[in-house]
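Here come two complexes built around subunit A, the first alongside subunit B, the second alongside subunit C.
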Partner chain A sequence: MSRYLAPVFTVLGAIGLVYSFWLVFNDTPLQYSMQPSDRHVVLATGSGSLFFNQKIFFWHVPHAIMLFTAVGVAGVSSIAYLWKRNPKADDIALAAVQVATVFGAVTLLTGSIWAKAAWGHWWIWEKRLTMSLLLWLTLVGYLLVRRYAGASGERIAAGMAVFAMIGVPFIYTMVGAGDNHPQAGSEGNVATLNKDMMWPFWASMLTFLSWFIALTITRVQSARMEREVRELREKGLDSGVLES
Partner chain B sequence: MKTILCMLVLAVASPSFAQPGSAGSAAGSGSAAPAAGSGAGSGSAAPAAGSGSAAGAGSASAGSSDPGAGSATPPPAPPVDEPTPGAHKACVAAMNIDPNFADRVIKTAELRLQDKMNSEQVLKDLCTVRMHQESQDEVATNKRHVLLAYLAMWLVAAGFVLYLWRKQQALKREIVLLRNDLDAATKDPK
Partner chain C sequence: MSTLSHAARIAWKDLRIELRSREILYTMTFFGGLLAVVYSFVFPSNADMIKIAVPGMLWVSIAFAGTIGLSRAFDRERENDTMRALLLAPIPRLSVFLGKAFAIAVLVLGVAIVVTPMLWLLLDVRLFDQPGVLMLSLVLGSIGFALVGSVFSAALIKVRSRDVLLPVILYPLLIPLFVAGTSVTAGMLAGNDDKVWYWMGFLGIYDAAFLVVSLWIFESLVIE
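Moving on to the complex of A and B:
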């Protein structure tokens, strides 16, 4: 059953990508500003204008939410691993962190490009951006620890994943803390998004959720194969078939 | 009423009507309407006395025989393109005689007015089109960033999928090799 899950979600993601692409470019209005109250300022000064570049929202935000989801999965799996020492939980945590790193990279890249288009700067040291960068660096740190820290690296990395998970709610609620980051919807959440953008947004969310599930399952399979390789090598070394 | 329409048609039909400077003259015709109206009133009261009504409509001084018109303020100097009294007279007489002609005059006046309103609407439409064009220009300048973001997303995703695929292929090969070595060792112990 599990061997068919990844292909099924990959196909769903591919169909969703085409569909959401069509929706985003054909069925969503152009928005001047994410904050309706800013509209007159935007029109008068031209600063902070979104117009066509607001389309980036439909990839940037779903990737950010998938990043948070992946970090949550990694954190919960790491707690399970630290508690029960179950290697399967560790495989899931490793896969989730790697997928989170990819989604985080896309979030930072698309956010940076959007910032250049809307604000005129590739990067500003605003609270949410800085916290997101720190989260992503923590994930990169997790992968480096897993690669170079030896036998104890799994437990150190598990601790880092829990640390990263604790940081996610702070980043998510940072928008409401008075920073300059654009808000999704009139009240800072997607529930108050323009109704013409609601379905395209959720179509993008479901698409990237499919990608997230497909990539995580595939990466878990790889982690299990890596574990199998390690076990076979140990078996070979023990039986004298392989030399160290 | 017929006199007003007649004057309106003649004023609209004059070549200077469409020019900006003619707005004043059109207003001048309008301002002359009360005096003309009084004349028209007398005209309609006595259809047979067409000349009298025409005189009333034709010039404010002629309206001095009418107490109402006489008490009015002195008439302003006639605009340059104001229709001549003779034209008024002929027009009113023709309208009184032939109701169809009156209808045609009214229709013509309505059409001219509609043309004027249409030309104003065209100007408004042009302004709207211009505003949309400016918005589109702004939109066009931002397409580069959208494409860049889309490209970045695809590059990262494709890179990761390629990495996963290569890794899985390498692991599969390694597992097969290790299993073969272990199987061979257990079957043929030295």
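Moving on to the complex of A and C:
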């Protein structure tokens, strides 16, 4: 069963990618913001209209949501790993962090492109930007530790993932109340999106969720195989079948 | 109770080593002074500007000096391979962690107490108008730093590139702590009590949450 999961989600993602691209460029209206009432977000900064740039929203938001999901997945599986010492949990944590690093990079890049168009700056120190950047830096730190800390790298990195998960609410509180991140929809959540944009948005969400699942499963499987090869090799060396 | 008394014994051992050599204290004091000199030419010598930048300077000094002191404190255990002896001792691992973290917190606090007057002296900012508030924020900041720092320094003790990896691990996790500390100091300089106590509470909750996680995680990270 699990052998088919990754291919199925890959195919779903590939179909979804074509379909959601088509929807986003064909069906969603060109406009200033997600809602006419949100024009102040753009107009207040006096940097003109968004028009085409607004479409980046359909990639930016799903990637950002996957980034935060992955940090949760990595944190929970790291707790499981440190508690039960089951290396399978560690494989999941590593895969989640690897995929989250890529998704986080896409989030920051697409966000920067949007910000240049809307606010006139590539980067501002705004609540969610700061939060995403900090989380992303923690993930990169996790990968550096795994790579350079030798044999104990797995445990130390797992500890880092747990602390990172616990730290999320603190980062959220820290970056303060003045959240002027552009909101989707009239009431600030995607459930209140314009009707024209609702389905393209969800199509895009499902697409990137499929990619996320497909990539994570593939990474978990390859991490598992790498471990098995390593263990078999050690067994072979111990029994004298293999020579070093 | 015995957990705490064992912890106190380990902390006292660490502090006594430091009191005899005064290595970390002297070198960190010197380093803190150097940082103040560096700040004096990094930032324009404009009184208003310095007043805005000083809270950040103070907490960056604590972060830098603390990190160096932290790795030195654990190097002492590594050089004689005494970390293994500590872990083998017939006492709860919790005592080892609490003792180590307490000693580190005292060291970091010592560094902070030495660096603060230097900033006051060299940059002419009224940091001592509310000594109680300043002290409380430094104590809470040192505790948070020592908790996370001890967990990861102890875990990295056998790793070759530990000096590089320690800041890579610590700084992303500790940024909320440093931001809160900076905000307390900034609120204090601006006479804004609401801001001071909001961030003081933040520091307290941060310390409490990370204490719980550290206590749980320390054992699984330092197993040899």
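The working rule: the second predicted complex is superposed on the first by the 213 of 244 C-alpha atoms of A that agree within 3 Å, B and C clash if a C-alpha of one lies under 4 Å from a C-alpha of the other, contacts with A are read in each partner's own complex, and residues count from 1 in each chain.
One rule holds in what follows: a residue touches a chain if its C-beta (ideal position, glycine included) is under 8 Å from a C-beta of that chain, and two chains touch if they have at least 3 such contacts.
Remember, it's a predicted structure, so these values are computed and weren't measured experimentally.
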item	value
Which superposed partner A:124 touches (first subunit B, second subunit C, both, neither)	neither
Contacts of A:134 with subunit B and subunit C, given as first, second, both or neither	second
Touched partner set for A:15, first subunit B, second subunit C, both or neither	neither
Which of subunit B and subunit C A:82 touches, first, second, both or neither	second
Contacts of A:232 with subunit B and subunit C, given as first, second, both or neither	first
Partner with the higher number of touched subunit A residues, subunit C or subunit B	B
Touching partner for A:167 - first (subunit B), second (subunit C), both, neither	second
In the complex with subunit C, residue positions of subunit A that touch it	82-83, 134, 137-138, 141, 144-145, 148-150, 152-153, 155-156, 159-160, 162-164, 166-167, 170-171, 173-174
In the complex, subunit C residues that touch subunit A	148, 151-152, 155-156, 158-161, 164-165, 168-169, 172-173, 175-176, 179-180, 202, 205-206, 209-210, 213, 217, 220-221, 223
Residues of subunit A touching subunit B in the complex	30, 46, 49, 51-53, 55-56, 59-60, 63, 102, 105-106, 109-110, 113-114, 116-117, 211, 215, 218-219, 221-222, 225-226, 228-229, 232-233, 235-236, 239-242
Residue ranges of subunit B touching subunit A (in the complex, touch as defined)	135, 138-140, 142-143, 145-146, 148-150, 152-153, 156-157, 160-161, 164, 167-168, 171-172, 174-175, 178-179, 181-182, 185-186
